[in-house]
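Following this line, the structures themselves.
Below, subunit A partners subunit B and then partners subunit C, in two separate complexes.
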Partner chain A sequence: MARPDPALWCSNVHVRFPDGSHPVRGVSLRVYPGQVFALIGESGAGKTLLCRALYGLQRFIPGMEVMGTIGGAAEKAMIFQDPGQFLNPGLSIEGHFKEFLKLSPRPSLTMEQLLRYVGLPENREFSRKKPRLLSGGQQQRVMIALSLALEPKVLFADEAVTALDGLTRKTVIELLRQLCQDFGLGIIFVTHDLHVADSLADWVGVMYAGRIVELQSAENLFTQPLHPYTKGLFRSHPGPEHRNSPLIELPGRMPPPDHEDGGCPFFDRCPERMAVCKQHLPEMKELSRGVSVSCHRVFQDRGY
Partner chain B sequence: MRRLVFVSFLQLVGTLFIVSTLVFFILRVLPGDPARAVLGMQANEQSVQRFRQEFGLDRPVVIQYTEWISGLVRFDFGRSFSNRQPVAPVLGQRLGLTLFLAVGGMICALLLALPMGVAAARKPWGRFDTLAMGVSHGLMAFPEFWIGMVGILLFSVQLKLFPLFGTGFGIHLVLPVLALGLNRAPILFRTLRGGLIQESSRSYALFFRGSGVPERRLFWKYLLRNQLPSVSAVAAIQFGYLLGGAIIIEQVFALPGLGRLLMSAILSRDLPVIQAGVILAALAFTLVGFATDIITHASTSQGMTRGKPNG
Partner chain C sequence: MLSEVHTPSPLLQIQGLSKVYETPHGGLQALDGVSIEVRKGQTYGLIGESGSGKTTMAKIVSGILAPSAGAVRVMGEEVPHSPRQLRRTRYFEKVQLVFQDTLGTLNPYRTIYQSLQEPLINLGSKDHKSRIHRVIDQVSFPRGKLVSRPGELSGGLRQRVAIARALIVQPCLLILDEPVASLDVSVQAKILNLLQELKKDLELTYFLISHDIDVVQYLSDFVGILYKGRVVEQGSVQRIFSSAQDPYSRLLLEVHSRRYAWAQEV
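Up next is the complex of A and B:
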């Protein structure tokens, strides 16, 4: 069966700022309809800015410059980590829906249907509330419902469940999965939590210092990680019993967003480094269908 | 809210009582005899005595004070020394013009400040914003009577666009209203501009923009609406200044408002008119403060009163 066209793709995307910082460096990826593509990595890896660039938010962020090619569906929507901040404090939930339903050329769903879909009450008492009267989980559901009002083909979820407590997080993750199936949405899901990525994603891109260093199906990645950084992430990540604890940092630090390109940016922290790594930046190579990685050690071991 | 209204009402009554007591006694201890000031230095002792009797000035100060306060409770401000007419109706008449000037000045200031604030905040430090900031800086440096005088020279004397004088509520009031408005617009403009720039950088603005809400709509419908409480609070304070400004501008344009009435009352030591004028001014300022409190309270408690967060 032929693969459908990607809902979103990009090739060699860079993000720069006038102060010389270069937080996204040559990222290429594809997101297919009905699938979740998770971007994982430590904070500062460039995940959020990549997302904003792919969405096209640079018009509204002073100084942000995006280069490269971005294609796919024009209908995009975005949800964020702290929904309380991203909803208008002076506007009721109903007011938000009125505005967002207007933005869709032919709205096929009503506010009540959207609220019901995301599991929120449809009554007036609820829809007349101001966002700050809602719990974090409700706010995130409102945000998801608002995004659906835009009838997107791609949904960007930037750390969308990070701020939620365990049970709410689980239900929101289930809701996002459901969205994928029901609406055929392609979801780009940014997270630093490996367990969240594991439970939700079909594909995972591991970001380090502005680049995707490994890209695999979630199934493969979590069973056979290839890149030393990915392996390090898994080793240092607390087990499921600590799923609410933050990621334990790998020893050493990620180079800052304005670092000079030279050898492998992971060199200083890498337990498997070789002489060549210090001089030459490893390029991203597709080892087999759907498995790409950028690491000299992997290339050597597999004869590339 | 009910508590706030009650407390504010008590404050209002208290302030008015203190002001009326102070003004009464200060006017009584000032040197000079009001009877002689009204009748003239040449008036004979008999007529001076008659005048004192007529207005109760011959009685002990404490009795005069109690009569004055009990009159106030019935909104009776006494009779004017100079024309022997009751003060209240004259004051009411004059107040109309002063209020018209102040309200007109406020409308004019808002009509200038709102669109300019929105336009400037849309591109901070852009060409329009830089120009508007420069102009507002300049306008703030000039008092309203100066703007009024330049207005008279330019538009009435040179260009002959507006009449120099007039009666009632006519075109001759355009220049004084403009002078007041131009003087107050910069503060409102700056408050709005600063508030909108801050509001515009909030996360929800990014969410709305990113979702496709047009910039103009975002500014007029959402950012401005969220900034209205703080702008209204500033506008309420500015209204107090506008009342003061109106009293001054009446002198420049020779308008028969409260300011002119008070000036002539002070010169002729017409005590009942001065007392009533001061109380009216105190009332206006306290009411403005009251309005500011309510607006601020309403905006800070927005959305907090109905229900509580639930999980």
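Up next is the complex of A and C:
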């Protein structure tokens, strides 16, 4: 059977600002219906700006210039880390749904159905409440339900569970996975938390200094990471394997968004660097189906 | 029983601690009969989700908040509840608190040097400059950045300042309230390693409070699980992570388990 068309794809996307900063540098990816694509990486890697570019928010962000090709479904929605900033404190839950359902051309779901779907009470007592009376997990569910009212084909979630604690976080993660299945939604999920990516993602892209440096299925990425940066993240993450030994630190810092392109941006911090890395930026190569990486060491070891 | 006779008395002893907040809707029990003992040189990690009572716990142990019932003793002495007594007994010289949100707790208008100097002025101590230099060297904070203000520093450097500020009065017990929350993995690793080194070098005892199960497992010798103001289970880190008994503890640890076996030898 042929693979369905991607719900979202992009090719060689760049984001630039007039002050010379260049925080996204040639990103290509595809998100398929019914799948979660997690973008991981540390703060400053460009994850949020890439999402904003893919969503088409640049007209609201002064000076933001986007280049490259972006395609896929037009129906997009976005959820955020802090529902408190997204929800209007003066408006009841019901009021929010009225506004959102107006935005959908032919709403096929009612507020009651949406609330039931995300596991919230459907009664008036609940829907008349103002956002601040809800817990963090409930606010996150309201935001998800509102975004579903737009009947998106692609959902962008930027650190959407970061502020939630373990048990609540798990239920929201399960809800997002359910959405993928039930609505065939493609989700692009940004997180700096490796645990969240582990429990949610089908595909993972690792971002470093504006580029995706490794892209694999979640299973492959977690069990057989290839890029030295990805491996460094795993080594410095506390876990049972580190119980009696110090964590292996990643030295140095990520280059700033206005750094000059030259060799590999990870060169200064890389324990596996070679002479060629200083001069030549490694391109992103697909080594086998669904396994892409940009690293001279990996190319050499695998005969590319 | 004989073994108990020989064990040294705990450095931190929390006995039957309860806290009820008065609210317009009646009393809200944030802590309910919590008892914990931490021996010198050990790290006790308390795991709890938001609302479990973690912050209330940190505030009571550091002497900022009075309990409704029960007692906290450090080296056998009960934690005083009035500011006057706190000053008189110099409690803050024994116990210091490190918070997570350093941007919110460090004075934004003061330089790092001034922030570090403040506890020394309060203590009436001399030699500010050499003490400040010693402590920032211990936490690997660059001397050249002493003139910066908190807003100009990265999250990792700010966290080093928070630790330095706690250490400058040479306490024996640090209360670490979410010490690495909101830091990136590679920055977090540096702070966790620093905390481990400082504990060894300065013979510190840690009372760690966090929702981050990996961090608690990494740092702690003993672990307690706080749920709705009660410690539902406690024991050695090995025991809790291999065979937790309480249903809530089991659920919490289960939710945290990994879907894939993360690469160990990379």
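In this text, the second predicted complex is superposed on the first by the 294 of 304 C-alpha atoms of A that agree within 3 Å, B and C clash if a C-alpha of one lies under 4 Å from a C-alpha of the other, contacts with A are read in each partner's own complex, and residues count from 1 in each chain.
Everything that follows uses one rule, which is that a contact is a pair of C-beta atoms (placed from the backbone, for glycine too) under 8 Å apart; a residue touches a chain by one contact, two chains touch by 3 or more.
No experiment lies behind these values; they were computed from the predicted model shown.
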{"item": "Touched partner set for A:219, first subunit B, second subunit C, both or neither", "value": "second"}
{"item": "Which superposed partner A:116 touches (first subunit B, second subunit C, both, neither)", "value": "neither"}
{"item": "Which superposed partner A:166 touches (first subunit B, second subunit C, both, neither)", "value": "second"}
{"item": "First, second, both or neither for A:77, with subunit B first and subunit C second", "value": "first"}
{"item": "Touched partner set for A:103, first subunit B, second subunit C, both or neither", "value": "first"}
{"item": "First (subunit B), second (subunit C), both or neither touched by A:14", "value": "neither"}
{"item": "Partner chain(s) touched by A:42 [first = subunit B, second = subunit C, both, neither]", "value": "second"}
{"item": "First, second, both or neither for A:60, with subunit B first and subunit C second", "value": "first"}
{"item": "Doubly contacted residues of subunit A, that is, touched by subunit B and again by subunit C", "value": "none"}
{"item": "Contact footprint of subunit C on subunit A as seen in their complex", "value": "42-43, 136, 165-170, 192, 194-195, 198-199, 218-219, 222-225, 231-243, 246-250"}
{"item": "Touch list for subunit B against partner subunit A, complex", "value": "202-204, 206-213, 222, 225-226, 302-304, 306-311"}
{"item": "For the subunit C and subunit A complex, residues of the former touching the latter", "value": "49-50, 184-190, 192-193, 196, 211, 213-215, 217-218, 237, 241, 251-252, 255-256, 258-264, 266"}
{"item": "In the complex with subunit B, residue positions of subunit A that touch it", "value": "55-57, 59-61, 77-78, 80, 82, 85-91, 99-100, 103, 125, 128-130, 132-135, 137-138, 143, 146-147, 150"}
